[in-house]
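Multiple structures follow.
Shared between the two complexes below is chain A, which pairs with chain B and chain C, respectively.
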Partner chain A sequence: MATIKKIKVLVTKVGLDGHDRGAKVVSSLLKEAGMEVIYLGMFQRPESIVKAAIDEDVDVIGLSYLSGEHLIFTPKVVEEMRKNNVDDVLLIAGGTFPAEDIPAMEEMGIDKVFRAGSLTESIVDYINDHVEE
Partner chain B sequence: MNNQKGTETIENREKGSTNDDSFKNLSGFKIKALYGPEDISQPGREADLGLPGEYPFTRGIHKTMYRQRPWTIRQLGSLDSPSKANERIRQLLQMGANGISLCLDMPTIMGRDSDDPLAEGEVGSCGGVAIDSIEDMRNLLEGIPIDEISINFVSNSQSSVILSMFVAVAEERGVPLEKLTGTMQNDILKEYQAQKSYYFPPRPSMRLTIDTLSFCNKHLPRFNPISISGYHLASAGATPVQELAFTLANGFTYVEEGIKAGLSVDSFAPRLSFFFKVHNDFFENIAKYRAARRIWAKTIRERFEAKDRRSCLFRVHTQTSGSSLTAHQAENNIIRVTIQALSAVLGGTQSLHTNAFDEALSIPTPRSEKLALRTQQIIARESGVINTIDPLAGSYYVEALTNQMEAECYKYFKEIEDLGGVISAIEKGYYAKIIADSAFSYQREIEKGERIVVGLNEFFEEEETDIELREADPEFEREKVSDLVALKENRDQALVKACLNEIGEVCQGSDNIIPYLIKAVKSYVTLGEIIGVMKEIFGEYREDSIY
Partner chain C sequence: MKKKLSTGEMVSRLLAGDRRAAARLITLVENEMDDHHEVMSLVYPYTGKAMILGITGAGGAGKSTLTDHLIGKFREQGKKVGVVVVDPSSPFSGGAFLGDRIRLQSHSQDDGVYIRSMASRGYLGGLSRATYDVIRIMEAMGNEVVIVETLGAGQDEVDVIHIAHTCLVVVTPGMGDDIQAMKAGIMEIADIIVLNKADLDGTDRSLRHLQGALTAGSFEEGAWMPRVVPTVSTANKPEDLQGIDELAATIAEHQTYLRKTRAIDRVRYDRVEQELGLIFKDELQKIIFKGLKGTGKKREYINSIIEQKNDPYSVVEEVLNTYLLPWE
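Here is the complex of A and B:
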C-alpha cells in the first residue's frame, strides 16, 4: 500500500512582532487536518524562513502578520525565495490587513491571503487544492 | 409528523432551560438556567461580601465609587512619531479623556533603535511611538502636565530605560518627582507567558523590574511602577478565569520579590496596579473583577501580613477586547465594545480604554477613536449605571459566579505552586501550553459553530461595507532614522562610551540601575544602545515553541 505523503507547512512570523496567537492556533488546526507543521515561530528574517523551507522541504510557507509589516516583508520573502530558486512552494499569508492591501500582496507574490476571521477550513481546503501532487 | 416535530422542540426547550451543557461562559463554566439563594448560602460567606470600600473589597475599592468620581477615561494616545503622538494626546484630552496610555512601536518594544537594520519597515508600527532617545521623550510630553494627567507607559522589557527618560524630562522641566503621576506597565512575567517581547532570561528581567519598583518607591510615590497585566494573557488565549488566576499569581510574585529586595509590603503594595481585559461574556467579566478584589485583599493581608488597607486594594485599568473584534462587518464592533465597556464599569474598574471598531483592520482613525471615547461618556452620563454602587451585588448569579471564579483560581495557584512558583512554571512551559490550548479550543468552538460570532460564523455576508482607514505615513521611518543618525553624530562620544561601560558594570553588580540610566539618557545614550549592553551581560532568552 502506497503511503500518502503528508503536506508539510512551515508557519512563521517575520520581523519583530511577537503576536503569535494566530500562528499557533492555525498550526494546531492544520495539524488536526492531517498536515505536518514546522512551526518556526516568531522573530524570523526572510533568510531564515527560506533556509528552513529548503532544509525541511516544505510544500507551503504560511506567514502570519499583525502589526502592519506585511507590505515591507512580503517582497523580501518573495525575493529570497526567488534567489534560492524556491518556486514550487505555496506562499500564503494570514493576519490583520486592510482589504485594499490584499491585491498588492498578491501582486507581490503571495498565492493567497487570509484575513483575520477566516475559518481554518478555508485555509485547509485551499492548501489541499493547491499543493501539487 | 408535524406534531412530533412540535414535541421535540418543546423537549429541546425544556432541556435548554435545565441542564443543557451548551450554556457555558468563556471560562468553560456550565451556567445553570436559574440561580437562587441556595447557590450563595454557604456559611461564612457574608463576610466575603462586605461593603464598598471595606475589606475584602468585593463590592469595590472606594466607599463612594463613581458617585464621587467616575472612572478615568484612558485612551491610547500613541502614533508613530513622538510629536504626532503629542498632538493626539492633546486632542484626546480636549475631547474629555482624563488619562492616556502610550504604546511603543515594535522596534522600541524589542529594544532596538530606529536605525537598527532589524527595525527596517517597522519603525512606528503597531500604532506605537518610536522612542530612541531623551529627545523623543521631550517631544512626546511637550506641554502635557505630567503632574496632573496620568500617563500609562505600555512599556515592559525596556521599562527601566523609559522610566529614566521620563524622570530625566521631568527634572529638566522642573517638575518635582514626588508629584509625577502615571504608570509603567513593567510586567515582565506576562511577557514570557504571553506577549513575548522579552530580551533577557526571566531572572535578570525581574531584577530590572524590581530596580524600577524600588526607585519609584523612594522617589516617585504617586507613580505606579508595575501594572500587572492579564490583558495580554487573555489576548493570547487565556480564558477569563485563567487571566484572573495568572494575573494574581504574578502580582503575588512581585510582592515576594519586593520584600526580598528589602522593601516592606506596605511601602510598595499600595502602588501596584492591575490591567484586565473585558471579553464578551458580560456577567463572567463582572464576577472576575469582584473575585479579583477579594482574593488580592485576602492574600495581601493574610499571607503577606499587610497592615495598610491601601495595600489590599486591587486597582485596575481595563481595556475592551481587541481579539473579540472582527474584520468582517467591522461596525458590529461598536456594539461589542459598548457591551464590554458597560461590563467593566459594572465590575468596578478604575480606568478604561475602549477600542475603536476598525482595529481588526488597521490603526484607528480620529473618527473611530472619538466614537470609542464617546461610548464611555455615554455610559457615564446617560445610562444611569453610576448612580448607585455595585448595583449587581446580591444577584444570585453574580455572587455564585464570583465564588466559583475564586474557587477555580485557587486550583491554578496550587498548580503553579507545585511547579515551584511563577518563574519556574514559565521555564517549564506551563503557561505556553495552557494558553495555546485555550486559544485553540476557542477557535475550534467558533469553527464548529458552538460559539457564535455574529457576522462571522452566523449572519455572514460576502459583501463588505467600505470603511475609511488610517493611512500610514511612508516618509516617517526615513525621517526618524535620519534624525537619530544626526543625534548620534552630535553628542559627546566619550561620555556615551563611559555611560555604557558603567551600565555594563552595574548590570554585573547589584546596585539599583536607574540612577545610572538617568545619567546615560541625559547624555543622549539611546535605548537600543543601553539594551545592547544589557544583552551582553544578561544574555538573551529564547522560548521553546509550544502550541
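Here is the complex of A and C:
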C-alpha cells in the first residue's frame, strides 16, 4: 500500500517572550518544504507543549527564543519530556543566542540549535536527515 | 526511534484510554500504513456510541474559538471530548500550517480532552477519508463527544454532513444577503447556523436574511427546522460572551430530536453508505493502478489522452472491461 508519511513539527514558544515573527517565518518555510507544522503559538507552558506533542504524535518540537529565556526554559521542557517518556522526538531550538550558550543548551538536551541567520536549507536538511522512518 | 508495539497491543491500550496509543494509531491511519485495515477492524466494535458534532464555515468565522467554548460545555457535563481539526494542505508543497490548536487552549491541561490536527492532504471536500477512521479511534478511546472542525472553503464544503450527527455552519455578519443563504450547498447542510461575531454591524440584517432563507424552504411535518443562533465567541471579559449556552442547548435539542424520531438511524445509514463508497473508490483505484503497473499501459493511456487520440471516459471503460468484466 502506498504509505504517505509526512514529517510533523510542533513549533512554539515557551514563557513570556512575545516575539513570534521568527517562529512564523520558520513554520512557513517548513510548510513549503512539505512538512506539516502544528503551530502552538506563544506563552506556552512546558506541560502544554509536551502534551500537544504527544497528542499530535509529532516527530520534531521546535522552540523559538528571542528574549534570552533559553537557559531557563529549556531544562523545563526537557524535564517534562523525560517525565512523559517522550524520548523519540527531535528537540530543536532557534532564535537569538550568544554563541557561548549553545554548548550549554546542547548539554541540556537540545538536539540542534539554529541561531538567527541560519539558512533555511540547514534546518530542513537537518530535520529530514534526523527524523527516522 | 519510534517504539514498535504490536497492532493488537496498541489497540488494547487505546481501549484503556491511552492517549499515546491513540496518537500513534491515528498517525498509522493517516499515513495509510500497512496495518491500517487491521487496526480499523479491531477498533470497529468499540465505536458508534459517541455523538459526532461537525463544525464548518469560512476561515476566520470563529469555528475554533466556538469549538473551544463547546468543549468547555461538554466537560461541564462530565463528558470526555475528542476533537479533530482539519486545515488545508498546500497544493504546491504538500506541507501544511495547522494553526487551530492555538485557539483550543482553554483545555490544554485537561486529560479529558484529546485534540488532533489533521492536514486535508489534497481532499477537496474538506475531509479526507482518514477522518472517518480518526473519529472511530477517538470513539474507541472513550470519548463520548467527537467534534470535527473542518476547513470551510465556502459554498461546497458539504462532506461534513456525511460524518456528523449534528452539523453546525458558522457564518458572520456581512457575508451576503438571503440570495447567498438560499443557494444550495453549505447552508443546506446546517442543523444549526451559528451567526458568530454578532456584535458587529449588520448582525440584525444578517439574522433576518438567514431566517428568511430558512423559512423559504419546505420541511416535512415533524422534521428538524434549522435554527439560527447568534453568538459572540471572543470578548475581553467572559461576561461579554454571548449565545454559548444557547448554542449548547440547541445542540442538545437536536440530539434529542435525532434520538426521539429515530432520525439518527438515517444519519448512521447515510454515513456508512458514504464511507463504503469512498473505500470502494480508493481500493478499486489501487487495484486498477496496481494491475497496470509495470505494463507501461498507464503511461500509454495517459499519453493517448494528452495527444487526443483517446478520451478519459473511453480509457476508463476499456480498463474496467479488462479488469472487472469477470465480475459482471
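FYI, the second predicted complex is superposed on the first by the 132 of 133 C-alpha atoms of A that agree within 3 Å, B and C clash if a C-alpha of one lies under 4 Å from a C-alpha of the other, contacts with A are read in each partner's own complex, and residues count from 1 in each chain.
Keep in mind that, in the parts below, a contact is a pair of C-beta atoms (placed from the backbone, for glycine too) under 8 Å apart; a residue touches a chain by one contact, two chains touch by 3 or more.
The shown structure was predicted, so the numbers you read here are calculated from the model rather than taken from an experiment.
Of the two partner chains, chain B is the only one that A:120 touches; chain C does not reach it.
Contacts of A:51 after superposition on the shared chain: chain C is touched, whereas chain B is not.
By the touch criterion defined above, A:6 lies against chain C but remains apart from chain B after alignment on the C-alpha atoms of chain A. Residue contacts after overlaying the shared chain place A:20 against chain B, while chain C stays out of touching range.
Looking at the shared chain after the overlay, A:28 reaches both chain B and chain C.
In the superposed model, A:36 lies in contact with chain C only, and not with chain B.
In the superposition on chain A, A:68 makes contact with chain B only, while chain C stays out of contact range.
Put simply, chain A uses residues 27-28, 39, 41, 45 to touch chain B in one complex and chain C in the other. Contact residues of chain A toward chain C in the complex are 1-6, 27-28, 30-41, 45, 47-48, 51-52, 54-57, 88, 132. Residues 106-107, 109-110, 112, 118-122, 125-126, 195-197, 235-237, 323, 326-328, 360-363, 436, 439-440, 443-444, 446-447, 453, 456-457, 464, 469, 472, 545, 547 of chain B are the ones touching chain A in the complex. The touching residues of chain A, when paired with chain B in their complex, are 15-21, 24-25, 27-29, 39, 41-43, 45, 66-69, 72-73, 96-100, 115-117, 119-121. Interface of chain C with chain A (complex): residues 1-3, 19-20, 22-24, 26-27, 30-34, 36, 89-90, 92-99, 101-102, 105, 108-109, 114-117, 119, 121, 286.
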